[in-house]
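Shared between the two complexes below is chain A, which has chain B as its partner in the first and chain C in the second.
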Partner chain A sequence: MTLLQFVQGPLWYFASAVFVLGVLWRLIAMVMIGKPRDLSAARTSSFGGGIKAILLHSVPHGGNLARTIYHFLVGYAFHIGLFVLVLFAAPHVRFIEERLLGWAWTPVPGWGFALAAQFAFAGLILLYIRRLTDPVMRKLSDWDDHIGTWLVFLVMLTGCLALQESHDGLRLIHLLSVEALMIYFPFSRLMHAFTFAFSRYNTGATYGRRGVTP
Partner chain B sequence: MVDVRRSVSGLARGLAPIALFLMLALQILAPSLAEAQSSVRAPGNAVVNAVPPPMGSAPDTATQGTPPGDALGNSSDSESWRKIRQGVPGHVNNTDAYGSRGALIESSGENWRLWRNDYVVRYGGMVLLGVLTILAVFFAIRGRMRISGGRTGKVIPRFSLVERITHWFVAILFVFLGTSGLIILFGKLLLLPLIGPKAFGLFASASLEGHNLFGPIFAVAILALFFVFVRGNGYKFIDLVWAIKGGGFFGGHPSSGRYNFGEKSWFWWATICGIALTLTGFAMLLPEIAASVSTALVGPEMTGRLFLQFAHLVHAVAAIAFIAFGIGHIYLGTVGMEGALEGMTRGYVDENWAKEHHDLWYEEHKAHAVTDTVKAETEAAAGHV
Partner chain C sequence: MTDSASAKTSDGPNVQAAIDKFIAVTGSQVAAYLDACIHCGQCAQACHFHEVTHDPKYVPANKLVPITKVYKRHKAPFAALKRAIGLAPAELTADDLTEWQELLYDSCTMCGRCTVVCPMGIDIASIVGLSRQAMVAAGLGPADLMEAAENARTKGSPLGMTAQVLSDRIEWLADDFEVEIPLDKKKADVLVTLSSIEMMKYPDSVVAMARLMNASGVDWTFSSHGYEATNFGILSGKSDVAKIMIERLTGAAEELGAKTVIIPECGHAYGAMRWSAAGILGRPLPFEVLHITEFVAQQIKAGKLKLKKMGDAITYHDPCQVSRRGGAAEDARTILNAFASDFREMEPTGNNNWCCGGGGGVQAMASASDLRHKVFRIKTEQVDKTGAQSLVSACANCRLTMDESKVALDWHTDIKSLVELVADQLEDA
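On to the complex of A and B.
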């Protein structure tokens, strides 16, 4: 078995299993923890508060536009770009069709891919530079933030470098970085991809019940 | 009915190459027959395009009546081949959107290849190697330039968070595009013999993809760099004095404000090279648009292909100029000078460093000198510089 066959075969299945089981384990664990019952009388709907928090925290609000606009713009550029790359890049759509689902959707054209990749890269680089240069952000960051950022960057970079799909070596490097990310993902803050909506809802619901807008 | 259509289509496809071959043959034969020459065999100089002249010799495709280069053979029909290269409008219907109408052979491609290999690669490589050698010798003789009088322990905020983020954004892209660009330009000469064709193919393919992808981001970054740093980078008389004194590299410290002559020159150098790289880079990324714009602006003689060849050469020269100056900037910002890097990493500089290298700026800001580096960094991040 060649290294490429190993990476495309056993290691891929192992990484996928770790990813799926790890994410499920983290989500179930969050639900299982539960929280103490709130015995106070609800002033307003906790559900409404939760939804409001999800929506409100997705746009600049609260009069702190100057402080948050950078994060919003750059953050959206990165996340939307990454979303398009992962789910709509032609090689990924083909992979999903051939190896995962048996069917797939229409991929973005070449120019769409390039644009999404440029937004994603610019966003990620700018977010990371801020993490390193802003004195507060730097002190808030730990190894998990750095490892997570570098792994995502490597996955994006190796994927884009292998775009011509003409060298097995480039595909091998891309797959290896993807598998490393999948194994690391459930045990890191990258889990926010699955948990951000729940955590925002939870905070909003708590405040909503007390009649406060966070 | 369907079968008939398929048959006709297949026949047309089969006849097309034959017709093309006949047209080519006629174009070659016709001038010779008209001039009643005995031989219609392709002359020896026909292989000049495939076998370039030795390195160092000037590109030459316009010889008059004699076999150019080191062509072999005892007969030459230079006139016929010249006509084929130059074309006769109305005789050949060339539908190539980038090429010269009526020309069967694009000699400009050979010219471009020779310019690239004989001049840009050769002299560009010499420039980069020369800069590295000069810096290595300078470092060996002078060593690291220390802060005179040592560190005071007091620091002054110098660069805001916006300035530092913009700087590092450009720097990261510069390193990535510079590395991938150098592999594209020099890889065949330097990497191929070292790592072999398979590994080189991998590197070259990855470099090209990465270069094309990061290029447009760099265009935005260089624009941001210009607007963020243009304040204070206008030349003044004091900069002339600084330049005449050699910037204090050989002793003494000429006065300067927020930026000295060298820094200002680097700023304008980066801006001009950045504009050249951006324009030519986009031309190569979007060849169809570049072809129509170049022809519309200059005229039909500026074909799309000619413009792209020109754009490529300008791109390579601007990149080498940018990288050469950039190496000096990186040297001074890291190993070459004590106390310079922290201005861009933490946003503050030591008081003595400021006094030594930017005395006029120091006089304006010395009241902000503090021993609390956390406070200085926070002040700098907030833009109080």
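On to the complex of A and C.
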């Protein structure tokens, strides 16, 4: 078995299993801890408040824009760019069709890929510069924040390089970095991609009950 | 074992007791919060303690560090695996606890402002409340708050107002102000409670409440079996005292057969009884709980309170626990719009208001006074921009905080109680 075959075969299945089972276990175990029942007399619906909070906290609200506007613009640039790259880049769409689902959707054209990549890179780099320079973010950051950022950066960089599809070496490095990210993901703060919904819902439900969604 | 039994050992804070408590209070809701924080620091700008100092240690997310350390080392999914391979956070230390005492007590008013800004919607105020329980377990509850909580347990109120003092003061107020103030009726529809801050420092507020209750024509009383609405058990992190205070009010209301319990002008007291009490007792409350502003707004809407108009320019400070964390911001507006012809909103206001700096027990901590006076500068600037002659609030704790800071900052705008103002505007007053 060549290294490429190993990375495309057993290692890919292992990374996928760690990713899927790890994410599921982390969420299930978190929910299974359980919480005290809220027995207060509800003013309005908890469920409605929970859904409202998931939507409301997607955008800055209630003032205090000076800090949030940077994260809002740069954060969305990064996340949307990354989302487009992961799900709509032509090689990924082909991969999804051939190896995952048996069918897929239309990929973005070359210019779309380039635009998404620019947004994703600019967003990630600007967020990271802020993490390194803003005193508040420096105070809060730990090694997990740095590893997560560097892994995502590596995946994006090798992904762009791997567009030279004839070059197996570059594809190999890209796949390896993706697999490293997938294995790291469930154990890290990258889990915020899933936990954000639980966190927002919980607050929305608690306060929705009180007739207010902060 | 009561909370006070696990005090500081002779070697310093009882770290193990704190770890055990942090583990015990971390339910799935808190776990989701701790797992979701992305260390973005956006919450910094919402917190008055950060805004007036620009010291990064005051960023709200930093207040989550001790509980997060314990959760991620001991309770989170994969914690054992991470410990085994050395990737779990280091064990909590006595130094951590000592360093975070100021952050969890002096510099968090549990105002909930940071939650609005947080992209994850993390309810930092509630986590600070839970973390305080661990600090008490470690023996690191601030002396002032511990004393207030013990006074509440042994004397009935944080300021030492016993049932006898209550009865004496009610008699004095009823005589002096010629107002009927019922105490210990056998049966009543409505139990009215008070905060000892009002009774000891702003007794006019108690008289005003009595006038409003009488004018509304409801069957009401105070009770010497349950009168203190503030809950320093919750504020300090002493959960046994928290429960005792709630049991007293609930017991008094049940004894009277009351359908309604009215919480006076005190934001945290409202939060404690309206939103936390049933959970602490473990059963739904058999009566409704209303903040005095909710009750008065209801009476105004029902046409039972007739008010004269007042032309003074006034602005309103929302107590965080009544508005942003209580859901009753509109009731104060209903009242104000019923009598104040020149009511001016601050910017921001309502659910986005700035805290006075004294919530969450911070008012009662001498060590926090310099910091909270600095914080109050935000409020004075807000008020000055409105050009209002008076700053009105519906929380005696906010009022005391603001009165003290006003002197410290040499600021001259009048600070008033909404209940007192509205009682003065009663048509037959």
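Quick notes on this structure:
Rule of thumb we're sticking to: the second predicted complex is superposed on the first by the 214 of 214 C-alpha atoms of A that agree within 3 Å, B and C clash if a C-alpha of one lies under 4 Å from a C-alpha of the other, contacts with A are read in each partner's own complex, and residues count from 1 in each chain.
In the analysis below, a contact is a pair of C-beta atoms (placed from the backbone, for glycine too) under 8 Å apart; a residue touches a chain by one contact, two chains touch by 3 or more.
The shown structure was predicted, so the numbers you read here are calculated from the model rather than taken from an experiment.
When both complexes are superposed on chain A, chain B and chain C end up sitting side by side without clashing. Between chain B and chain C, it is C that contacts the larger number of residues in chain A.
Angle at chain A between chain B and chain C, computed from CA centres in the superposed arrangement: 120 degrees, to the nearest 10.
By the document's definition of touching, of the two partners only chain C reaches A:F198; chain B does not.
Within the superposed three-chain model, A:G9 lies out of touch with both chain B and chain C [touch as defined at top].
In the superposition on chain A, no contact is made by A:G48 with either chain B or chain C.
With both structures placed on the common chain, the touch criterion links A:G62 to chain C but leaves chain B unconnected. Of the two partner chains placed by superposition, only chain C is touched by A:V212; chain B is not. Once chain A of one complex is fitted onto chain A of the other, the partner contacts of A:P109 are absent, as it touches neither chain B nor chain C. Touch criterion met: A:P135 reaches chain B and chain C at once.
Of the two partner chains, chain B is the only one that A:I125 touches; chain C does not reach it.
Superposition on the common chain places the nearest Cα atoms of chain B and chain C 6 Å from each other.
Residues common to the contacts of chain A with chain B and with chain C across the two structures: 134-135.
On the side of chain A, the complex with chain B involves touching residues 114, 117-118, 121-122, 125-126, 129-130, 132-135, 157, 160-164, 166-167, 169-170. In the complex of the two chains, the chain B residues touching chain A come out as 161, 164-165, 168-169, 172-173, 199, 201-202, 205-206, 208-210, 212-214, 216-217, 220, 345, 347, 374, 377-378, 381. Interface residues of chain C facing chain A in the complex, by the touch rule stated above, are 26-33, 35-42, 44-46, 50, 56-57, 59, 61-62, 75-78, 81-82, 87, 112, 115-123, 126, 274-279, 281-285, 288-289, 323-329, 348, 351-352. Chain A makes touch with chain C in their complex at residues 22, 25-26, 29-41, 43-44, 53, 57-58, 60-64, 66-68, 71, 75, 131, 134-142, 145, 186-187, 189, 191-192, 195-196, 198-200, 202-204, 206-207, 209-212, 214.
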